[in-house]
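The structures come next, written out as structure tokens.
Across the two complexes that follow, subunit A remains constant while its partner is subunit B and subsequently subunit C.
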Partner chain A sequence: MHLADGILSAPVTVASTACALAGIARGLYRLEPERVPQVGMMAAVFFVGSLIHVPVGVSSAHLVLNGLVGLFLGWASFPALTAALLLQAILFHFGGMVCLGANVWNMALPAVAGYYLFGCRLRRPVGRGMGFAMGAAAGAFGVFGSGVMMALTLCASGGEFLVPAAAVLAAHIPVMAVEALVTGSAVSFVLQVRPEFLLSPSDGTPPRPEDGPHPPADTPRNRS
Partner chain B sequence: MAIWSRQPRTWREVGFPAVLLLFIAASPVRAHKLNLFASVEGTEIVGYAYLSGGTRVRNTPLRLLGPDGRELGNLRTDGEGAFRFTARIRCDHMLVLDMGDGHRAEWLIEAAELPPDLPPLGPVPETAAVARTTEPARAEPGPSAGAAPGGAGYGQEEDLRRMLREELGPLQHQIGRYREEVQAFQRQVRLHDVLGGVGMLLGAAGISAYVLGRRRAGRSRQGDAAKGKQREE
Partner chain C sequence: MVLFDAPPDSVIQRLDPRVRVATAFAFAVVVCFSRSPDALGFALVLGFLAVVLGRPSLRQLLRALLTLNVFLGLLAATLIVSVPGRDLFRLGPLAGSRAGFAQGMTILCRANAIVPAVASLLGTMEPAYLGWALAGLGVPTRLAQILAFMVRYVEVIHVEYHRLRDAMALRCFQARCDCHTLRTFGHLVGLLLVRSLERAQRIVDAMRCRGFTGHFHVLRVFRCGVPDAIFAALTTAALALLIFLEVQ
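And now, the complex of A and B:
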């Protein structure tokens, strides 16, 4: 999932860095102070998640967890993933420093897309089954989307599209399954103990007072 | 605190985090990165490619580039991820391995690592000059040492070189092994890196929350003061 330095052409690097910067600006725009710790926490989860390996045949691939981050943070995934990917590049030599912007763009865009596709259903009270389903879908979609984005990026810098896309996606099918499981379980767990994590608007807009307080964890909805 | 103040009811509340923690604790800490290692044995450049975690990278194209970007060789790693290339020119060899899916690794074999009796790179002036100047300097002790007993012939020098190569071969191999171990050690992801990264992320989030919170508090105080003034007026 992490592109190394020296692969992408200069225009692709510049363009994706510009896109990533725009995403970061959008994510930081009106980010409430109350949500900042959550952003940091999800960045830490993403940072560590990449160290968990899933065996794939003779090789292995690691968890990405961008779907999980996107579901919780929405647009704030951009700054969160930027911080986490920067530290991964510095500490683990995991992805290049020059193409950091490309890596951010490739992983954060599917995260935000997953937020709009699946996260909006979690904004109102839902059962844990629904939570699991949406989480699983977002988790699998995050990995799939990143794989497609990465193949597109490689293609744009003069490579083929189908071969790397097939290689990346084939290697990540088991990862998608595990991510679906992990993200689904995490969402249903959070719905159980801290529903306000998901229910509060996480796209940077302040919560409207007329929404009233979020339902406490012990409502009958959660017992079912 | 609300999480822990209630009695746990389902496995999800206790079981899931426990399983996740076990999952994290049980998996060896390692990053997924393509690594390339190469060393010189005689006139051959030998090495192998592996993903962190030790999986060998099989049947992947490897290119050897000269200092001027000219391609000196093109081969594929074998079923064990290893490769062997006979150098014909004494110059810097840049080994580039590209898996085509975003993984790429490089390794530089410097001209000085290759045996001095190989011809230097032709048209490139700098490296060739370096190779030429270093070559006689290195070859010097050979003939002069041989000259003392009685006349250093060309054959004797060749013998001496072959002998030295045979004697130094195991040492070269050993140094190669050490470099290999050092590289593997450097590439390892260590627990303190992980903890440091997590700490840095949480710390940065904490500081920015504090700064943002203070700014907002300051703004609301100013707002209150302004309202107070309006009221007074």
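And now, the complex of A and C:
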């Protein structure tokens, strides 16, 4: 899932770090100080999620949850995933310090894309079935997108990484199915228990008229 | 929460966190782009030296290195058989190339030099200081705050997760490879999410209550003293030697 230090070539590392920095800057731009705890908390959930192992066939896979983070945070996924991946790099050495930018870019870009593709449907009140469908799509897309981007990063680094890149992509397919079902169930659960968490705009921007009704005035978010 | 157990009086523990973060990143960047065997050998020695100075728990470090090397060993093995070049060995249809072997060894050496150094310099640090050290080095305050909140609440959410798993175990839940298991894990993640977002809301309320203006006060003021300067100078010299070995 993550690239370790020393694998990628210098130009690929520099380019993906620059892209990640742009994403982080966009994520921090207009991030209200009051949303910082929420973003930090989502980063912590992402971190703990990577410790949850799900049996897949004879082996097991850990949850990725980048699609889920994307649905809730939008562009703020970039700083959230940066924080979580940095701690993972120091603690477990999953992924390296130097290619942190590459890992952040590979994981957070599909998360943000999932936010725009599927998250906008969840801004207005929807049924649990729709919530499950959108969550599952975002979860599968998050894992699939980061698998494809990681394979592309490896291939861009040198032709000799073609075989490992193909192996990485193949390994992502069962994880994708797991992630889709887990994210879908999680989103439909949140919709049933606390729908206002999804209704409230999480991009730090006020909701546009076409984004559906404003959250009701008595939700905790609007109480000040 | 401490990442790696380490004695509080080691040389590295007494350094300014900013110096530790800066040297760890500089070392990782230089090693990551080194290719020559001399430079990589010297990098391995420096990584070992960092372990001697920082004294992280060897058991934790070796476990981290084992997982890493299993993964990177597989990658190196695929490189040996997939990279074209002069034959190193031949096993039936499989041919190992010298170029692939060299490349695999390069990757293994880089990772095995960087990981012990990062573990000794950053892994033994109180994680709460990590964010503020990064902020002191020019990382945006918001990002440092996100990091600080995450470090603070990872432990809380992890405990919450274990409480939910205990509740599931009491109800005879067994993880299998089926839809029921995945749905249950989905609800588990959903509940973790709801509880942590509710907690975030309570934190915001508490911060408002105390007149939060967008900045936190840090109790420990970082000071760069003579030992920090000596350590930074020695690291710079070592990195310069590493670069010299590389370009030679």
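Quick notes
The rule we apply is simple: the second predicted complex is superposed on the first by the 190 of 224 C-alpha atoms of A that agree within 3 Å, B and C clash if a C-alpha of one lies under 4 Å from a C-alpha of the other, contacts with A are read in each partner's own complex, and residues count from 1 in each chain.
The criterion applied here is as follows: contacts are C-beta pairs under 8 Å (C-beta built on N, C-alpha and C of every residue); 3 or more make two chains touch, one makes a residue touch a chain.
Owing to the predicted nature of the structure, the values given are computational and were not obtained by experimental measurement.
Superposition model on subunit A: subunit B and subunit C are shown in a clashing arrangement. Residue contacts after overlaying the shared chain place A:Met41 against subunit B and subunit C alike.
When both complexes are overlaid on chain A, the residue A:Ser50 reaches subunit B alone and has no touch with subunit C. Using the contact criterion defined above for the overlaid structures, shared-chain residue A:Gln88 touches subunit B, although it does not reach subunit C. Taking subunit A as the reference, the larger set of touched residues comes from C, when subunit B and subunit C are compared.
Legend: residue contacts after superposition of the two complexes on their common chain; A:Phe189 is shown touching both subunit B and subunit C.
Of the two partner chains, subunit B is the only one touched by A:His62; subunit C is not.
In the superposition on chain A, contact is made by A:Met97 with subunit C only, not with subunit B.
Touch criterion met: A:Met150 reaches subunit B, while subunit C stays clear of it.
Once the two complexes are laid over each other on the shared chain, residue contacts for A:Ala167 go to subunit B and to subunit C alike.
The clashing stretch of subunit C relative to subunit B, chosen from 61-69, 133-141 or 223-231, is 61-69 in the chain A superposition. Note: residues 4-7, 31, 33-34, 36-37, 39-41, 43-44, 47-48, 51-52, 83-84, 87, 91-93, 163-164, 167, 182, 185-186, 188-189, 193-194 of subunit A belong to the subunit B contact set and to the subunit C contact set alike, using the contact criterion stated above.
Remark: subunit A residues 4-7, 10, 13, 24, 28, 31, 33-34, 36-45, 47-49, 51-52, 54-57, 63, 65, 68, 72, 79-80, 82-84, 86-87, 89-93, 96-99, 160-164, 167, 178, 181-190, 193-194, 197, 220-221, 224 touch subunit C in the complex. Subunit C contributes residues 3, 24-25, 28-29, 31-33, 64-65, 67-68, 71-72, 75, 78-79, 82-83, 100, 103, 106-107, 109-111, 114-115, 118-119, 122-123, 127, 130, 140, 142-143, 145-154, 156-158, 161, 175-177, 179, 181-183, 185-194, 196-201, 203-205, 207-208, 212-214 to its touches with subunit A in the complex. Interface residues of subunit B, counted against subunit A in their complex, comprise 2-3, 6, 10, 12-13, 16-17, 20, 23-24, 27-34, 51, 53, 55, 98-106, 187, 189, 193-194, 196-198, 200-202, 204-206, 208-209, 212-213, 216.
Subunit A meets subunit B in the complex at residues 1-7, 31-34, 36-37, 39-41, 43-44, 47-48, 50-53, 58-62, 83-84, 87-88, 91-94, 128, 150, 154, 159, 163-164, 167-168, 171, 182, 185-186, 188-189, 192-194, 217-218.
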